[in-house]
Amino acid sequence: MSELLKVKNLSVQFPTDKGTVYAVKDFSLNLNPGEIMGIVGESGSGKSTAAYAIMDLLQGARVTAGEISFQGRDMLSMSGEEKRSLRGGQVGMIFQDPMGCLDPSVKIEGQMVEMLRQHSNVTKGEARKISTEMLRSVGITDPEGVMKGYQHQLSGGMRQRVMIAMMLSTQPKLLIADEPTTALDVTIQDQILELLTKTCRENHMAMLFITHNFGIVARICNRVSVMYGGMIVEEGLSEDIFYSPGHPYTRGLLEAIPDLEPGAGRRLKTISGTPNDPFAPPSGCVFAPRCPDCTGICKTEIPKRQDMGGGHGVWCHLARQEGRKGE
Amino acid sequence: MSNELLRVENLIKTYPARTSKGQPVRAVDDVSFSIEKGKTLGLVGESGSGKTTTGRAVLRLTEPDSGSIFFEGKDITKGNMRPYRRKMQIVFQSPAGSLDPSFPVWKIISEGPKAYKLLKTKREAVELSRELLLRVGLNSEDAFRYPGEFSGGQQQRIGIARALAMEPEFVVCDEPVSALDVSYQAQIVNMLIDLRQERELSYLFISHDLSVVMHLSDEIGVMYQGQLMELGSCEEIAKHPAHPYTRELLRAVPVADPRKAASRESRIIAFPEGSVNRGCPYRLRCPVAGEECGGERPSFRDLGGGHFSACIKE
Amino acid sequence: MAPTFLAIMLVVFLLMSVLPGSNINEFSSNGGGDWLDGIFSSLNMTDSIVARYVRYIVNLAKGDFGEGRSSAGLGSNIFYRLGFTAKLALFGFLLSAIIGIPAGTLAAVKRGGRADKAVSVLTLVMSSLPSYALAVVLVLIFCLYFNLLPPFGFGTPEYYIMPTMVVAAGGVAMTTRMTRSAVSGELGSQYVMVLRAKGLTGRRIVWLHVMKNALGTVVASLTNLASQLLCGTLIAENFFSMPGICQLLTKSISGRNQHTVLGCVAVLSVILMMVNIVSDFAAALLSPRIKDAMVYGGGRQNGES
Amino acid sequence: MERAKRVIRLFMKNRLAAASLVVFIIVLLFCILGPLFTPYDYSTIDVKNCWQSPSLQHPMGTDGIGRDTMTRLMYGGRTTFSITFTAVLISLLGILPGVAAGFWGGRVDNIISRINDALGAIPTFLMVIFAENMMGWGGGNYRYAMGVALIPPIVRIARSATMEVVGKEYVEAARALGVGSTGIILTHIMRNILSPIIVHVSSSLADTLVMCTLMGYLGIGVNPPEPEWGNIVHGGYAVILSKPIQMIIPSSLIVICVLSLNLIGNGLRDGLETGKERS
């Protein structure tokens, strides 16, 4: 069982007084050690919800799954205690909004030492030394100063670095990153992405990178899953996804992304329509209402995974190979 | 300079220091540019670069400390803005935040003309809003619904319809698509392009996303810590950027193409924080900075053909 | 805070000097020959309003409420009674904190659960029960029905049980409600999700991290709690005839003895002022951001964030 | 006002709140229309049958000097309600300075907030005694003092709600559309600070009623023989051990009224909160 993380048809529903929200349906993935996998989708596609569900961080949600196993150990049958020790120990997590990630009333040092002592029995002095080293390794030039300060004295980029240092201090095998750079400036984002890929390479750590930005996926991910309306619509190596996208949604998204070529007034190709109503998901394919080449069968039957070879799967009745500018 | 619509000269805006010890922060530090009728200037910069403050100062939504603003040749820096408000409008960043949740859509769209007494009765107002809703791709019976019942993309369209209601000539777009997903971003960008040709509008398009700006602007200005680093035509900036900061921005934007994105070696060590009061503000992060950059502030040199750069190394 | 207090005392002083028949002008007049008069006479403003105001404040500080010249022993009388009221108020405050904070936290943590519903019902009833109604109920149960406690008077600790419950009722209701909303606010924030992702135990998250931040807001509204306890004490002392300052206040009101009334009002305002100052500093202590803003003076920064 | 209809619909759905509204209305009618039906007057003394427990002639018994408790409670209710409603109405004056402080900020904000903090530091109770002392005792004119004492919280709520609205972009949009400051205040600010204020007023109504009866109980404010709920409860204090019923009846009437007011407040708060979030 070489897989680090294996998830089979995970589903998440939120019962609310206005009806049930079907946030995630039949979500599956498997991740090998040291691999960086991207989960791409627009807001409301359920990408973050799926990750939180895997780590059992969702409150007030009905989570059903065929299988969730980490390093061969079945997480579904794990006790709350075991799952808790996994979180922060073997699996680290970093989040999108750096402004609200750290406890505002506790020094950075206190929060980092707390993390280390929770998952390993080191003394306070050792924990402090490790934390300072970790802060230096994530590119913070004055770790002692940061340790003594509070979160409101740091910029967004610095806080994200502290978060990364904290989560990496326990040498996790898997890092789940939920849009860590969306709220940061593009130059700082570039640094954080470089830091994350270097750390994964050096520590042979796997990363599940959740984002809506295809550019980031192209830059750091070797495998990609594209999600829409709570379901995976396409998965495969990033070469396949970018150069021979099988699903109309993936194709539409790739063409809608503005490129860096000059020329005012160049229109972008768009995907018409508006997002589905979360309380009443469409029968059949979730993308049917907005799909340009949608046919009768799409409206009635949920498409199955069509294998396009080499692990490249497409959930579309009319899936066909079609190159983009790469070939 | 005949068909020049807007000219800004040495615009400065300072905010009181956050801590009592620090000196006041210069959000906009001596910025000058001009926009011709029907043309679009893109203002690009990261957070804290002063691009939003500049946009607000041009419409005098925040009063500038010094410098002057000319609209159609007339100086509007001081005095009553009311006659000019009609021709100058603004579209905001947050779809939900820019619409009053307690107003029905027809009231939101017709608020401007009503303030100028162009509409007498409610029926006229509803009529105007219906027309504009159709123009921005929504259906006319949305006029009686409330902003909370729309998605982000649709709310942004209502914001644009509100601006169009005043039949403006100049629109400041302050990060209009940054809060939207890619597919809705594309729809709004296309609409702004169509409106430009159709109503001969000129935009001051503000964004942190260089790729979106490239699709819309004739000229691009790059701002950093309140100062204009480089100003030039879209091709100049994209093909041969003169300022190291512009080059850094172009390099850092992730491109949706694995082969192009593969070759890059980026720096990890965090940039030193804090602003600089002497010399070039970018020198702390600049790979090619030297002592001379620490002297007095580099002037905004003309490299020919309307391409300016504030770097003495070039 | 001090300027606010001086402002209030100025208002009290000016009103009293305007009042017909109040003996304010006697005990705030100078000419007593001590160090203060030296200063005023040298500035030859012995009778100016400012001098008399300063004299008034100095007297108050010395605890001399003018008993030296006119009514019998008001000052010492007040301080003797202050002991009683302080005891009642302190018990009430401790009860509010000891019951209110854990109950509020429990209700917030188990939001929507049975505990939450029970706590909300209890808080609703306690805040809708005026203190005299509660006192009646207590007397009915403990004195008439079970005959366990003496209804009136003071002395041994058992006399204090019922009055303290009456004083604490309003306080407990307010603290519980305040803590519940503060804690559930914190539980919803992003950093709690991060703490869970760090693998910390639920108990540690709530009692170490969330509590510290939530207490910041709870402590900030200490002054409302103080006023609530004041009302409780007024009724408790009156109902259970405990010789506190509030009983003196109510008696002097019905006796229309203006001077004592204002004396008591001054003392109670001083106490509430101190509670106000303490709550500001406690709030700063708990949340470093407020401390920074206080130390550096947070200017209204509305530039680019 | 489509939003108002939605809030009312939500309020009605909350059965508890709707029921307490009915109870409150009954109590109101009891106080307003009641006196037309009772044979007694609130001040006719009938020493012969004093301290009567509830009977057919006197459904709620009589007090120490034989006056019919039910009639007194009816008239007393009128005084208590009029004092409470006037006080809460006066406290609404705090909205103006609150909006001004929130809208213009800077020096205006500092001055208003300083004064407001000073005024707020004095608890309602002391403020009332102060006013009573000055304006002469009794006659219920302490309603104005209570109103003044209720102003600081309203100023604070109006100020923070206004600042939140001013921070929103639709206010800047209105400025860009050429709408003047007063225009913005009247439309955008007022409409969006309404719900936090209504929520506060609904809860302060119950607290003010309790405060008013506390005053009455302690003999401040209304001097006898004029009836007031707190006063009537105090009347029964003398015989609390022998005839507790004398205090139980008036107290329970007050508790029922306050409880229903609080429940109405909660119902309104849920209605406005979800109403606000969704729209």
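Which chain is which? They are A, B, C and D, in the order written, and residues in each are numbered from 1.
In this text, a residue touches a chain if its C-beta (ideal position, glycine included) is under 8 Å from a C-beta of that chain, and two chains touch if they have at least 3 such contacts.
Every value quoted in this text rests on a predicted model; they were computed, and no experiment measured them.
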For subunit A and subunit D, the touch-path distance in steps comes out at 2
Using the touch rule from the top, point out the two chains with the most contacting C-beta pairs. A-B
Could you put a whole-Å number on the gap between the CA centroids of subunit B and subunit C? 52
Rounded Å distance between subunit A and subunit B, as computed from the means of their C-alpha atoms: 31
Averaged-CA centre spacing for the pair subunit D and subunit C, given as whole angstrom: 22
By residue number and range, which residues of subunit B touch two or more other chains? 47
Residues of subunit C engaged with two or more neighbouring chains: 300
The answer for subunit D against subunit B in the complex is residues 2-3, 168-170, 172-180, 183, 187-188, 191-192, 276, 278-279
Spell out the residues on subunit B that touch subunit D in their complex, using ranges where they run on. 56, 59, 61, 81-82, 85-86, 88-90, 92-94, 97-104, 108, 111-112, 115-116, 146-148, 159, 162, 166
Inside the complex, what are the residues of subunit A that reach subunit C? 55, 57, 84-89, 92-93, 95, 97, 100-106, 114-115, 118-119, 150, 152-153, 163, 166-167
Subunit A - residues contacting subunit B, complex: 42-43, 138-141, 155, 157-158, 161, 185-191, 193-195, 198, 212-219, 238-239, 242, 252-254, 256-272, 274-275, 325-326
For subunit C, which residues are in contact with subunit A within the complex? 189-191, 193-201, 209, 212-213, 216, 286-289, 292
